[in-house]
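In what follows, structures are represented as structure tokens.
Below, chain A partners chain B and then partners chain C, in two separate complexes.
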Partner chain A sequence: MAKIDLSNISHSYNPNDPNPVYALNPFSMTWENGNRYAILGPSGCGKTTMLNIVSGLVRPSAGRILFDDKDVTDLKTEDRNIAQVFQFPVIYNTMTVYENLAFPLKCRDFSKSKTDERVNSVAETLNLKSFLNSPARKLTADQKQLISLGRGLVREDVAAVLMDEPLTVIDPDLKFRLRRNLKEINEQYKTTLVYVTHDQNEAMTFADNIIVMSEGEVVQTGSPKELFERPNTTFVGYFIGSPAMNLFESEISSNDSVKINNTLIKTHTNLSNLKTKNIKLGIRSEFIKIAQNQNENLIDVNVQKVEDLGNYKLITAKMGDFTIKSKVTRETEIPNQNVKLHIPAEKCCVYEDNKLI
Partner chain B sequence: MNKLYIFLKYFFIVVWTVFVVAPFLWALTTSFKDFQSVNGGVTYIPWVDFEPNLEGWKVLIKSPAKGGVDIIEPYFNSLFVTCTASLISIILGTLSAYALSRYTFKAGFVKNNDITFFFISQRIMPPIVLSIPFFLFLSSINLLDSLTGLIVVYIVLLMPIAVWIMVDFFNKVPREIDETALIDGCNPYQAFLKVVLPNSIPGLIVAGMFCIIFGWIDFFFAFILTFTEVQLLPVKIVALNSSVTPWWSLSASALVSVAPLIIVAFIVERYLSKGNLSGAIK
Partner chain C sequence: MNFKHKYFFLFPGLFVLIGILIFPIIFVVRLSLSGWNSYNPGLDYIGLENYIRLFTDDPRFWESFFRLSFLSVTTVILQYVIGFALAHMVWKDIKFKRFFRVLFLVPMMTTPVIMTVIWRTFFHESLGPVNDMLSIFGVAPKWLTDPVIAKFTVIIVEVWQWTPFMFLLLLAGLLSLPKEPFLAAAIDGASPVRKFIYVTFPLMAPISIGAIIIRLIEASKIMDTVYVLTSGGPGTSTETSSFYIFIKGLREFQMGYAASMSFTYLIIMIISLTIIAKVLTKLLLKE
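Let's look at the complex of A and B:
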């Protein structure tokens, strides 16, 4: 277990090229000991590169990595004492399940009794106990992934357990249970867990800190609540949440209000120092409700579609050229096609050049 | 429809079996015949069509002084040269293939694929092109007409096969296997020996089988690079021929020479049936 510092890390796979393309643009970050982190972003945004840099499989083009303030940038993977679980099951086909789980301990000369104890404990957690003596290659894909996961968790003293979309091949029911198990393991052993995913729900339910990435850039780091309510960029607003954040091209009207389609919307943001008049207003569909007795921040919309999604209703409405989505409870009655929606000022995010003001 | 399918299935199996087994039966019966039985018309069934005798087989173990050809020494020479050359080729070929599969090499315009092709190109060349260089090379280091010289030449011929098969095989073994082993605490050599190699046994078996077959059946280089001191089985079998073709001893020697390959085939087949080779061609 260790505090991991990534200091000014950047990486290009063709650094000697006259025009190198950076898979990771320079960033700095600290992963505190014992926390759960999720790296979230679309495919190809540099998540896996970041993990591989931490585990030592990739040497960064620039920057330093420190484990508990000790520089490990030039340390080989095998000497970093880190665990990594890949997206698809990686098992040692020629070994039994027990031998697979014991392999990381055997490589580090753990005693037989300690190995037995750890392997049994991990097998218990992952429901693999009855398969311990079976050849690993005979197991199903999700059981194989459990072995990979088990090999990652079998050492108690690892600096961190890095997981690269580890639950992709696991069925949803087991996935849910495993996420809970991982949380328990983290709470019990204070292991730093870093979880790469492109599934925001997975990230939100698993981590206490989420790192959102886009095109090799770390765009925001924060708790699930922060990311949801105050996205730093329109990308985060769009990427996090389902449906994505409502974003409207707007004009500044006064120090704290904007105009969308000639409708005035008050915000809690100070807009007096802005250079540009064209900005974007962002609001989550969860916060937009059918107006009851409010008398400001109201918009007249034309309801296009109402979808019943089980535990809530999703209203899709039009205001001029803008499309607005609003999540309301199932019980909410939608009176007719033309309704007034209320946009709470405190939940409005204003973006200049796609960045939160 | 179902009955027709079963009938056709068995019909083709029988036809194929006859096609495969008939030459062996022909060789087996011929090896027990004498001059009259071979030249006296079509005969198949021993003791009915002809009186079997062991002359054909005896010739193979009798010394030349007693009118035989004595294939025992060439037989073991062939076994020794084939096994040694195959083993060394597999070891060197596997190491080269792993390096070509996992590391990037670049010397000017030459890259990994070019190096792999260079290995394969050794087999594309007609053997005759290589005969004079090999002859001059072996004679310059005094290894003409020796088992060591033949082993050197066979390694050159067999290693490309091993490299070719194993590069392809290692390319299909996910890199994550090596990376996981590194993360689990192995150094790159341990990762190769403890994890990648055991996972590649099917590929090693296929490569080994090809090396043994190509090494065992080579006549050309054995013929050109050996004279009196050392002889290999294929050359000795050809030497059996004379103005009157001794079909009986030729048949016996053909059966003896094909025996090791049949044994290899049976071992591999047993391995195949256990499903252990299932990953070889994935």
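Let's look at the complex of A and C:
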């Protein structure tokens, strides 16, 4: 268990080129001991590079990495005392489940009784107790993935458990169970867990801190709620949430209101000293409802499509050239083609040059 | 799919297959039931007489067969161990990696018969450079004329010639292994020896089985090395099945008898290689 500091880390795969291309732009970050972090972003955004820098498979072009204030930038993976779970389960085929779990301890010359105690405790947590004596290769993919994880957990002193899309090969309902397992493990062992994924649902349900990345840049770090309600950039708004955040090109009309398609929308943002005209209003479709008896922030729209998606209805409507999506409960009646939608002022995010004001 | 012309397109392949494989096998079976020899050439019918002679009255065939088993198993094991070691060596990032990779393949690129002639010259007991150098230590092994040492001379030449093939297959195998298991082992703190025992070797098992079987089949056909190096001698001490069949068939022209030996040999090889493959799979893959 350790606190992990990434200080001014950046990485380029061609650092000697006159114009190096950065896979990871300079950033600093601290991962607190015992927390769950998810690194989220589309493919090729640098999340695996970041993980590999922490695990020591990649040496950053610049910056230092510290475990509990000890510089480990130049240490090899084996000396960093971390555990890593890969996308596909890695087990020792010739060994039993017990031998697999005991292997890291055996390599470190732990006593028989200590090994026994640790392996049994980890097997208990991971529900592998009944398989301890069966050959590891006979197990299912998710059980094998649990073994990979277990090998990380048997060492009490491991600094962090890093996971690179570990649930890719696992069935959806098992995924849910494993994520719960991971949370329990985190609570029980107080291990720092770092989880790389491109699946926002996975990140949202697993982590208490999400690091959103895009094109080598850390665009926002925060709790699932913060990312959902106050996305820092239009990219985060677009990437997180399903459907993506509604974004409208708009003009400033007063200190706290914008104009979209000649409709005035009040916000809770101070818009007095803006420099550019590139203004966008963002609002989650979850917050847009059919107007009941409100008298401001109403927009007239023309309903194009209503999709019943099981637990909610998704309305796609048009206002002039803008498309608006609204998520409403299944019971909501949509009276006719032309309806009024209400946009709550407190949920409006205003973006200047795609950055939240 | 109903495709009328499929036989037309299959014909060239089938024709070649019949011509070079199916017909010869059937012909050998028929030939083995005849007494075809240099006095009496022709496909007469003498029943199982050749087989009765082979099984009751020809210890030389069985001796040559067991000698062949010893030679091929020993050479293949040595090739596997040396080939694996060399492949493992150039698999890692070492200096002059490319140079070594090509160097280790040179023996395979040379013509076996010519290389064997060169080896014979090397091992020549009074004129060869090997004994010339060994004379410094006062020894002069009879490389080609001692019944026991001659077997090992054959093994040395075979191993030298064919280890590169094993090396090539195993290197290709090593290069195709996923890297995660090695990273995981490094993270678990495994020493290089443990890494080899628990990661490299198990991952290489399927490739190893393939390579060993291919080499066993090839090694059982050993003929040119023996022919050039010792001609089966001294006496019959390096004579292998194929060489003995060659002597009976193409030197003594006992065609019918040689055919019965060939066919018996084929059946034994099919059965024993199947068993070996099964045993290897069980041993290495633990299935």
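As a working rule, the second predicted complex is superposed on the first by the 357 of 357 C-alpha atoms of A that agree within 3 Å, B and C clash if a C-alpha of one lies under 4 Å from a C-alpha of the other, contacts with A are read in each partner's own complex, and residues count from 1 in each chain.
Criterion: a residue touches a chain if its C-beta (ideal position, glycine included) is under 8 Å from a C-beta of that chain, and two chains touch if they have at least 3 such contacts.
Note that the structure is a prediction, hence the values are computed from the model and not measured.
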{"item": "Simultaneous placement of chain C and chain B on chain A, clash or fit", "value": "clash"}
{"item": "First (chain B), second (chain C), both or neither touched by A:K313", "value": "neither"}
{"item": "First, second, both or neither for A:A83, with chain B first and chain C second", "value": "both"}
{"item": "Touched partner set for A:F103, first chain B, second chain C, both or neither", "value": "both"}
{"item": "Which superposed partner A:T94 touches (first chain B, second chain C, both, neither)", "value": "both"}
{"item": "Partner chain in contact with A:H198 - chain B first, chain C second, else both or neither", "value": "neither"}
{"item": "Contacts of A:L57 with chain B and chain C, given as first, second, both or neither", "value": "both"}
{"item": "Touched partner set for A:R151, first chain B, second chain C, both or neither", "value": "both"}
{"item": "Shared chain A surface residues [contacts with chain B and with chain C]", "value": "55, 57, 76-78, 82-84, 86, 88, 90, 92-94, 103-104, 107-108, 148, 151"}
{"item": "Chain B residues within the chain A interface of the complex", "value": "174, 176-177, 179-180, 182-187, 190, 195, 198-199, 201, 279"}
{"item": "Of all residues in chain C, those that touch chain A in their complex", "value": "178, 180-181, 183-184, 186-191, 194, 198-199, 202-203, 286"}
{"item": "Complex contacts: residues of chain A adjacent to chain C", "value": "55, 57, 76-78, 82-84, 86-88, 90, 92-95, 103-104, 107-108, 135, 148, 151-152"}
{"item": "Chain A to chain B touching residues, read off their complex", "value": "55-57, 76-78, 81-84, 86, 88, 90, 92-94, 103-104, 107-108, 148, 151"}
